[in-house]
Amino acid sequence: MVIILKEHANKGEVEKLLHDIQDLGLNTHMIEGEQSSIIGLIGDTTKINADDISANDVVEAVRRVQEPYKLANRKFHQDDTVIDVEGTKIGGTNFQIIAGPCSVESREQITEIAKDVKKSGARFLRGGAFKPRTSPYAFQGLHDDGIKLLLEAKKETGLPIVTEIMSIAHIDLFADVDVIQVGARNMQNFELLKELGHSDKPILLKRGLANTLEELLMSAEYIMASGNENVILCERGIRTFETATRNTLDISAIPMLKSVSHLPVIVDPSHACGIAWMVEPMAKAAAAVGADGLIVEVHNNPAKALCDGKQSITPEAFDKLVKDLRPLVELSGKTL
Amino acid sequence: MVIILKEHANKGEVEKLLHDIQDLGLNTHMIEGEQSSIIGLIGDTTKINADDISANDVVEAVRRVQEPYKLANRKFHQDDTVIDVEGTKIGGTNFQIIAGPCSVESREQITEIAKDVKKSGARFLRGGAFKPRTSPYAFQGLHDDGIKLLLEAKKETGLPIVTEIMSIAHIDLFADVDVIQVGARNMQNFELLKELGHSDKPILLKRGLANTLEELLMSAEYIMASGNENVILCERGIRTFETATRNTLDISAIPMLKSVSHLPVIVDPSHACGIAWMVEPMAKAAAAVGADGLIVEVHNNPAKALCDGKQSITPEAFDKLVKDLRPLVELSGKTL
Amino acid sequence: MVIILKEHANKGEVEKLLHDIQDLGLNTHMIEGEQSSIIGLIGDTTKINADDISANDVVEAVRRVQEPYKLANRKFHQDDTVIDVEGTKIGGTNFQIIAGPCSVESREQITEIAKDVKKSGARFLRGGAFKPRTSPYAFQGLHDDGIKLLLEAKKETGLPIVTEIMSIAHIDLFADVDVIQVGARNMQNFELLKELGHSDKPILLKRGLANTLEELLMSAEYIMASGNENVILCERGIRTFETATRNTLDISAIPMLKSVSHLPVIVDPSHACGIAWMVEPMAKAAAAVGADGLIVEVHNNPAKALCDGKQSITPEAFDKLVKDLRPLVELSGKTL
Amino acid sequence: MVIILKEHANKGEVEKLLHDIQDLGLNTHMIEGEQSSIIGLIGDTTKINADDISANDVVEAVRRVQEPYKLANRKFHQDDTVIDVEGTKIGGTNFQIIAGPCSVESREQITEIAKDVKKSGARFLRGGAFKPRTSPYAFQGLHDDGIKLLLEAKKETGLPIVTEIMSIAHIDLFADVDVIQVGARNMQNFELLKELGHSDKPILLKRGLANTLEELLMSAEYIMASGNENVILCERGIRTFETATRNTLDISAIPMLKSVSHLPVIVDPSHACGIAWMVEPMAKAAAAVGADGLIVEVHNNPAKALCDGKQSITPEAFDKLVKDLRPLVELSGKTL
């Protein structure tokens, strides 16, 4: 961390600041320039808040040198994290596809889709039981019944299940869920993250609509600091000025996250653009840049889906998608 | 709602779509253009999800005509909502200031600040007991002890208290809190919103970092649809590409929200820019455009604040701020 | 185009509006709803400005149904445009790579790089003679000497050259240039666009930092409407809140542009992120989603480059990149 | 400037980097930390490009300490710049209003509006002769005839005129114009900026749609570095994700620009939101935060305006606006 001092900063105040920092166990190093002087901090600055130091009267600005995350940082954990879910591995040289409907709607619907996507190559079943909807008047999911139906589909197909949690209050209902998803809108629901840190289940953590990669990693850090190191990061599109697509897939996020962190990174090509026909190109881009997998919305009757039909693809389209992806995944050095 | 059909859309499919919409209780009206045809929907489309209709094969796009919110909509509730908190009114011709530290740190700190801000003209005391922090290593607040200290400060000064809730699990601790704040990061924590809809306490709902005004109003609608109509909206800066300020205060949000909704709208000039000296101009801008009040961070020793010191002003600066604001508030036709 | 009327709109005023629109040669069709009425416009609305109609007192909002661009629109020109530059084709089933340094610095530099990139598979040479730099104190290019050196490198290698124009005043200097580039900052320099529309040279039009795809196509339309239909669109990253990369590559722009327009679309993976090691993954993503080519910065000594060294790759890295891209390009159905 | 070195950076390479920097006339100062080492640069770093240093293999990141602009920097020019246009002063304690139609349409229109806005208190007449329009099919202005009509209106009313330049090629036509405006889309048209730097006329420089304040100041620096120090900055709304308003007025830009620069700063409340009824609150916000003036679109028949009618106010509304602004301007310590 580097502290830039104001011009003509009061020397006594600067001395006091140096002492305060040294009291935190850090060494300081002062460089006096012509117009401005700076203080270099040596030691572990992870627990220092740059904004708090900025509040000091003699400080003009503070610039971080180290990343503020530790457990998620590849610098301290060079090998890829590989997460094992009932024998199916996420991360490393594996490319896994999670597929299923936006919402669980009925036993027939979820079981049929589960069979279809398994046959095509999906290794996990997704389906929403609790649905975050912008409007209180929209379908909110089948709740515990939805989870029961997912478990039935798992029984039938053997596919481990992935479903979203929206509240700590529901955590007991997720006892048999294989991977718990934290949605984009809850990426900074810190109480939920802390609670999931006490779980031993893998957590699929989606990037928030307007959250930086550093914030995403800090949210992963919340879960990991509470004891659960099984975090899967997910890029799902960010909010920009562009309106032709619902969100803008930040494709650079995948190599960047994999460079600075050891956690697996998957992509959600369905929410990324919010348009069914764009799922295929976005999925291909994800495979090409080295993503560790995908989470894709598949519905047997998109036009009648109770939610997100606009971005769901049919089982037939999904089957073609997986076929088209195989050679791309192989080129990236992974196995689908 | 207007549905734009694809060119050469299959007539049978269009017929089916018309029937589906009519089954939802709406009338349809078709306009056949040279290149594209459109369907106009007549009736209450609040409960129809545009994206679901977009999933239909014959549909090119859907455009909303009506706002998707009803209870928060000024069209159906022309008079300003005025919320009464122990005799102090928010909304209408009142301009109220909520002031206090980012975090409650100690009995002395919160009581001293409470007395100071009351003397200067604040009518509510704010203070964080549960703190949403980006880093798990940062100070997270005193939790229930923080709320107890706020209540002691209320006893001493008579100021009603405003504090943030981060989880449904904590709701019992908020039994004696006067106004419950929902932070920007929880604006779309829909489970929390629904729960707060069952409360009878006023809810101060902050706009999310990257949420549109329509989404803010839909979140207010969640609370209102569950039975609690006492919602105060708060603009606190949005995330943009600009890095000179932490966020960008969307000053146009205030007149726009007051135009389309009857709910009171206040401004947080502290989080808006994240810089102490900018609190004053941002507060003045808020008063000039007709905001119903402010929520301001005041700390007796910003450089030693356990959080957000960078954006906190001293009690002396707050005193001057209120004095400077009075004539501006009067020009806006309100009373401070 | 659909016009949404205000509630209780004055009938006489609405009548007047209907007449005004009919005077523009369009048919109108009124749908009276319970809360709001709408007017559907039938005919060619390309030349109608939605904002002008919005200025009318009785109008609440206007929604476009048709795209505002015609010449660039695939609806009226179904086949891919293929542009021929001295026998080398851009568009259709071709995947072309344009490579070279950010700036032309010397005869040795540009000729050496030209030979290197040609050997590796580039079919065009790029190099800046006029450089748009944020700072007036930064190197601004060699100007006409730069163009001369590019032409010498062309003579030596046979590679057609691509270079950026920054002002109409320089247009005569571009007489022997093969492809004229319009940079992101000039995408809406409409006077320049109109002038280039009178040229017969292919124009490589880069998307502005914060311009929508529709605006990009409208800028292409400017060139085309002035008579020059040889426009190549280029996605080069947009400005978002994320700071880990200089820009955010909008990978969805490629399939979206190719869906709505017949013009070729290439990608600039160098400016997209501003980081040399990310050129490779971004280039792969571009190939995977069906881009028609790349424009890549290659420098023989990036650390000593007079501009943009941070994002330039070495000739060796470029050689490996092309090799890695070949199978991906083939999978997309194109030929490199 | 602070250079952060990669971990385990090659010592020889670091030595070479140190020498390279010292060759540029700067002193270097090395701080070796536990995980990373940094180099502090002492001296004038204005002319060093951070990205170029980033290209060095041993460098992880570069952080600026000083602002990259000098002539526009208040640190080196503490007093407000006050620009005198035929006796009317912009900057300092003056609050000036520039008003007039988006486009000059006819002699009657521009003269009538000029008289109206003068009577109400405007001290400058604005009017577009060259109009930057997104669509090539939209009205592009009356060009030189437009400027002639503006000059006639000036003769009639005595109001100095402000009008936009779109191309260096037109500069002779601007010989009698009093203030030359550079529009948002040309803020980084560097060739135009350099040319205007050779003029002695005041330049009204608008912030680009997605340009940072630092970039705006660097564009001012371009003009100033070429010899023309009469630059007026203009905030006119930036592009964000919000769609309720056309742009988002960055109200914090005004105090921030005035803090870091000595140049006058005015606000365009018409383009800021693109909505006529929001001109008033945005203008009030501008006055409240200490802006040096406004540029406002006024049209005698907005619904029939050839451009931007949606955001134009009538002469009557303008008259009321000025009256309402007076007390606000006085509170800010300025004179209208």
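Labels for the chains are A, B, C and D, by order of writing; each one numbers its residues from 1.
Here is the rule we use: contacts are C-beta pairs under 8 Å (C-beta built on N, C-alpha and C of every residue); 3 or more make two chains touch, one makes a residue touch a chain.
These are the chains along with the protein names UniProt gives them: A, B, C, D = 3-deoxy-7-phosphoheptulonate synthase.
In this text the structure is predicted, and so the values were computed from the model without any measurement.
Trainee: Looking at C-alpha means, what's the farthest chain from chain A?
Mentor: When every chain centre is compared against chain A, the largest gap points to D.
Trainee: Where are there more C-beta contacts: A-B or A-C?
Mentor: Higher contact count goes to A-B.
Trainee: Can you check how far apart chain B and chain C are, centre to centre, with Cα atoms defining each centre and the answer in Å?
Mentor: For chain B versus chain C, the centre distance works out to 39 Å.
Trainee: At what distance in angstrom does the C-alpha mean of chain C lie from that of chain A?
Mentor: Their C-alpha centroids are separated by 31 Å.
Trainee: What's the distance between the Cα centroids of chain A and chain B, rounded to whole Å?
Mentor: Here chain A and chain B have centroids separated by 26 Å.
Trainee: For chain D, which residues are shared contacts with two or more other chains?
Mentor: Those would be 210, 239-241, 243.
Trainee: Considering only the defined contacts, which chain D positions touch chain C in the complex?
Mentor: 46-47, 49, 51-52, 54-57, 68, 130, 132-138, 140, 166-170, 185-186, 188-192, 194, 208-210, 215, 218, 221-222, 225-226, 239, 274, 276, 302-303, 305-312
Trainee: Which residues, counting only chain D, touch chain A once they are in their complex?
Mentor: Residues of chain D touching chain A: 2, 4, 7, 29, 31-36, 38, 40, 42-44, 61, 63, 65-66, 75, 210, 239-241, 243.
Trainee: With touch defined as at the start, can you tell me which chain D residues reach chain B in the complex?
Mentor: Checking each residue of chain D against chain B gives 210, 212-214, 238, 240-245, 248-256, 259, 272-273, 277-278, 281-282, 284-285, 287-290, 324, 327-328, 331.
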